[in-house]
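We call the chains A, B, C and D, going by the order they appear; numbering starts again at 1 in every chain.
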Amino acid sequence: MPSSARRRRVHRKPGVDTGIIALIGLSILSIILQSFENLAEKYGGVFHVFEVATVAVFTAEYILRIWTADLLYPGEKHPRLKYIVSFMAVIDLLAILPFYLPFISADMRFLRMIRLFRLFRLLRVFKLGRYFDALQVILKVIRESSTRLIISVMLCLFVMLFSAIVMYTVENPVQPEQFPNVIASLWWAICTLTTVGYGDVYPVTVVGRFFASVISLVGIGIIAIPTGIIAAGFTSVIDGRQSDRDPKKYCPYCGHRIE
Amino acid sequence: MPSSARRRRVHRKPGVDTGIIALIGLSILSIILQSFENLAEKYGGVFHVFEVATVAVFTAEYILRIWTADLLYPGEKHPRLKYIVSFMAVIDLLAILPFYLPFISADMRFLRMIRLFRLFRLLRVFKLGRYFDALQVILKVIRESSTRLIISVMLCLFVMLFSAIVMYTVENPVQPEQFPNVIASLWWAICTLTTVGYGDVYPVTVVGRFFASVISLVGIGIIAIPTGIIAAGFTSVIDGRQSDRDPKKYCPYCGHRIE
Amino acid sequence: MPSSARRRRVHRKPGVDTGIIALIGLSILSIILQSFENLAEKYGGVFHVFEVATVAVFTAEYILRIWTADLLYPGEKHPRLKYIVSFMAVIDLLAILPFYLPFISADMRFLRMIRLFRLFRLLRVFKLGRYFDALQVILKVIRESSTRLIISVMLCLFVMLFSAIVMYTVENPVQPEQFPNVIASLWWAICTLTTVGYGDVYPVTVVGRFFASVISLVGIGIIAIPTGIIAAGFTSVIDGRQSDRDPKKYCPYCGHRIE
Amino acid sequence: MPSSARRRRVHRKPGVDTGIIALIGLSILSIILQSFENLAEKYGGVFHVFEVATVAVFTAEYILRIWTADLLYPGEKHPRLKYIVSFMAVIDLLAILPFYLPFISADMRFLRMIRLFRLFRLLRVFKLGRYFDALQVILKVIRESSTRLIISVMLCLFVMLFSAIVMYTVENPVQPEQFPNVIASLWWAICTLTTVGYGDVYPVTVVGRFFASVISLVGIGIIAIPTGIIAAGFTSVIDGRQSDRDPKKYCPYCGHRIE
């Protein structure tokens, strides 16, 4: 869509975007630094000033973006309304709104969660530069394989639920503290099937270990299926791209002219 | 098979199916909730009533399905008998039968195991909707790669058995409690080769660690082989599907008629 | 090689082979059971008798195979000598020889190691039946990708050595017991790069954790490369096989006759 | 580049190269052995003499390589300068320079780090023999997939940062020692997403475990994407190599001339 890309370019100034992304980055860095108790105590004032400044800039940016939305959707009847309900604009709003609602800001923990939306704002990085194309390829592969990936995730969840119930039945009488209920058992199942294996919960009975062994082996398969789907997806998309480059007028195999 | 699909559609009413699947889901949720000791004590009566109601519905459904089996297999001589011995019908029977046999129901643990058959009943979800096609692709890939996958599982079991015996020989004199016998050693081998690595059992001798290192590296290969098989399977099936759609009488690339 | 396959069939009697494989299986089962201390004490006599009987049968089989070696290599000048130095015959000899050398049999541990050669004898299972073909495909893929796989293993060893030395330098002053020397550090590197992660050794310093994080991420790549190689190998071999089935006289793409 | 390869062959004598590589190998072995405290104490003098001898040989080699650089780049104006700033020459210099700077050599730990450059010198092994070709294939795959791999690493880092902040918020109040700040939480995120799972840090709250489960499942995807990219890269490069060999003027399938 070259014309829509041109329109977007009108709306966006590269310098402003780079600046905003840098500010988002700094804002996330400040979240990380504030998590260090001694830093939070010592430089509490600095963090607060930076916070206020950041929110001010983000708010200004948000208002200006709504203002110029008619440049983004020229033919549209209500361009500003359309912009406000767009995914990125909602994220942008959620990242600043809580700071204007004192009753929310009161709870530090909730505030931090809300500020996570700024991370999503960081996704804008992908819009810039030469990586955009590669990201599109990855997203295309995921989109084209989506139903297969969903099915494999569903199979995975089914196996997890099954393992969790069996393991609870087998291990609960021996380790009531490790396997108190099916939900706790599900935690074990997920750790095992994804091959993370923290080692905080593991079977000790012979039946449990036998069953866990079978589940671990199934785990390899569980990993192999989505990997296989994605690998085949990339093979197919890359082949598709290459054939795009070939002139379509001749058969790439036997060289016959295609009329 | 469009005609068999049509017949099945006669037998199945989408509304009923959705209701039954919802009930199966609720029934599994009740298994999970009952595993919480405090919930089981407090709402014991509720769970019991729900259980009786569920079994009643499942029994009615089972009888009705046998009743209408002649619609499912019209040309068949003994359609009801054929339905009764079908895989899904056996699962359905196993999911309700134990509740009519008091001497089985007496043992709570065994009962829970039996109820696991309801999970298999949940597999019906896959029959519905737009994911059926994607599931067929996954099953086709697994079916077509089945001999290769079985061989790779056999190689894997062989490596596991080998590692277990070697590790038992090496580590047993130093850690008799961790490696008391070859079966316990096999547990270590499976945890390592599948890269789960709980950390409950691991070698401490230099020889044992050297051997475990080799085994871990082999583990990558063990995972790589089935993943590679499945990836190649998907590549091949996806390509195959595309060529299925093309009429075989024309070159799929340039459209020339093949004489 | 149909003619070599026919010759082999002359030499081998399916019934005898199945019996021998069953005996090898039982012999390995006996190794496993003997590792249980209480069983070894209680049924020591039974195990001994079974051992002697097994070795007797294996010895008889070995002699008969040498005897009939001329049927296996009909055109050969020294068929028996050729058979004796073949891989499977050496394995067969190693599996029985120690029992005739009393000074070796004296050491139980060494004896158990020697008996591991019987596991390799179990590899004969793959010669039988319908899985032989699938095994050939897997072996072909590994053989064709062997140089690439060796390079990726070498890269992997290089990364391991590098990580081990860095980690020893960083963590040794803080955890001298966990990282006493580079070899111990290498154990950590292997556990991490193969994503096994037992959790017996892990970095605690900030620098160490930062470095371990980089290494873990590299670990994904280390696994991805051989998996990718093998996946591509299977894709290539499966495509090759399919084109084998196609009649070679016509171009499979445009249908032109190949003169 | 056949002509550049010929020039390089003039500069390099296989015997010398093999000797140098062997000396690098011994030098790294000495680093490993010196990490054993008792060996370092007992054979301190031997290690020192070997060190001095090694550095002497490496220095002589470095000077001779500069001397003969005009044979390597015959047409060049300043061949020696060009050689000195080349990647391998800088590595070579870094591997010997510190031993001539007494104030650096004073710090044993820093010295060991510097000596790590010798590991990079070991990379010369790949220049020799029949594996060079296979390494080129692997490097070509990585190079061609590099933008996609970088994007998937960036996505991975994004998911890690996101998980770390969420997990810190959820687990910090319950386990302040395990999740003291976002950086510590990041360590958990990396261990989990790469499926290493040491088990030194793991969530204990229900919310934390639910979140960790989602992250673990995403972890499979995180591994699947680069594996898929590399697998598709190998498939493409291997296919590409085959088509490179085929003359482009004929249909690769039926051999018809393409007009």
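Methods note: a residue touches a chain if its C-beta (ideal position, glycine included) is under 8 Å from a C-beta of that chain, and two chains touch if they have at least 3 such contacts.
What you see is a predicted model, and the numbers here were worked out from it, not measured in a lab.
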Q: Pick out the pair in A-C, A-B or B-D whose interface repeats that of A-D, meaning over half of the contact pairs match by residue number.
A: A-B
Q) Would the interface of subunit C with subunit D count as same or different, where same needs over half of all numbers used to appear in both copies? A) different
**Q.** Approximate Å spacing (C-alpha centroids) for the pair subunit A, subunit C
**A.** 41
**Q.** Distance from the mean Cα position of subunit C to that of subunit B, given in whole angstrom
**A.** 29
Q: Give the residues of subunit D that touch two or more other chains, as numbers and ranges in rising order.
A: 183, 195-199, 223, 227-229, 231-233, 235, 251, 253-254, 256
Q: If every chain is a node and every touching pair an edge, decide which shape results: line, ring, star, complete or other.
A: complete
Q. Residues of subunit B touching subunit C in their complex?
A. 147-148, 150-152, 154-155, 158, 161-162, 165-166, 168-169, 172-173, 180-183, 185, 192, 195-199, 202, 206, 209, 213, 216-217, 219-221, 223-225, 227-229, 231-233, 235-236, 251-254, 256-259
Q: Would you tell me which residues of subunit D are touching subunit B in their complex?
A: 195, 197-199, 227-228, 231, 235
**Q.** subunit B - residues contacting subunit A, complex
**A.** 28, 31-32, 35-37, 109, 112-113, 116, 119, 122-123, 125-126, 130-131, 133-135, 137-138, 141, 153, 156, 183, 186-187, 190-191, 194-200, 222-223, 226-227, 229-235, 238-239, 251, 253-256
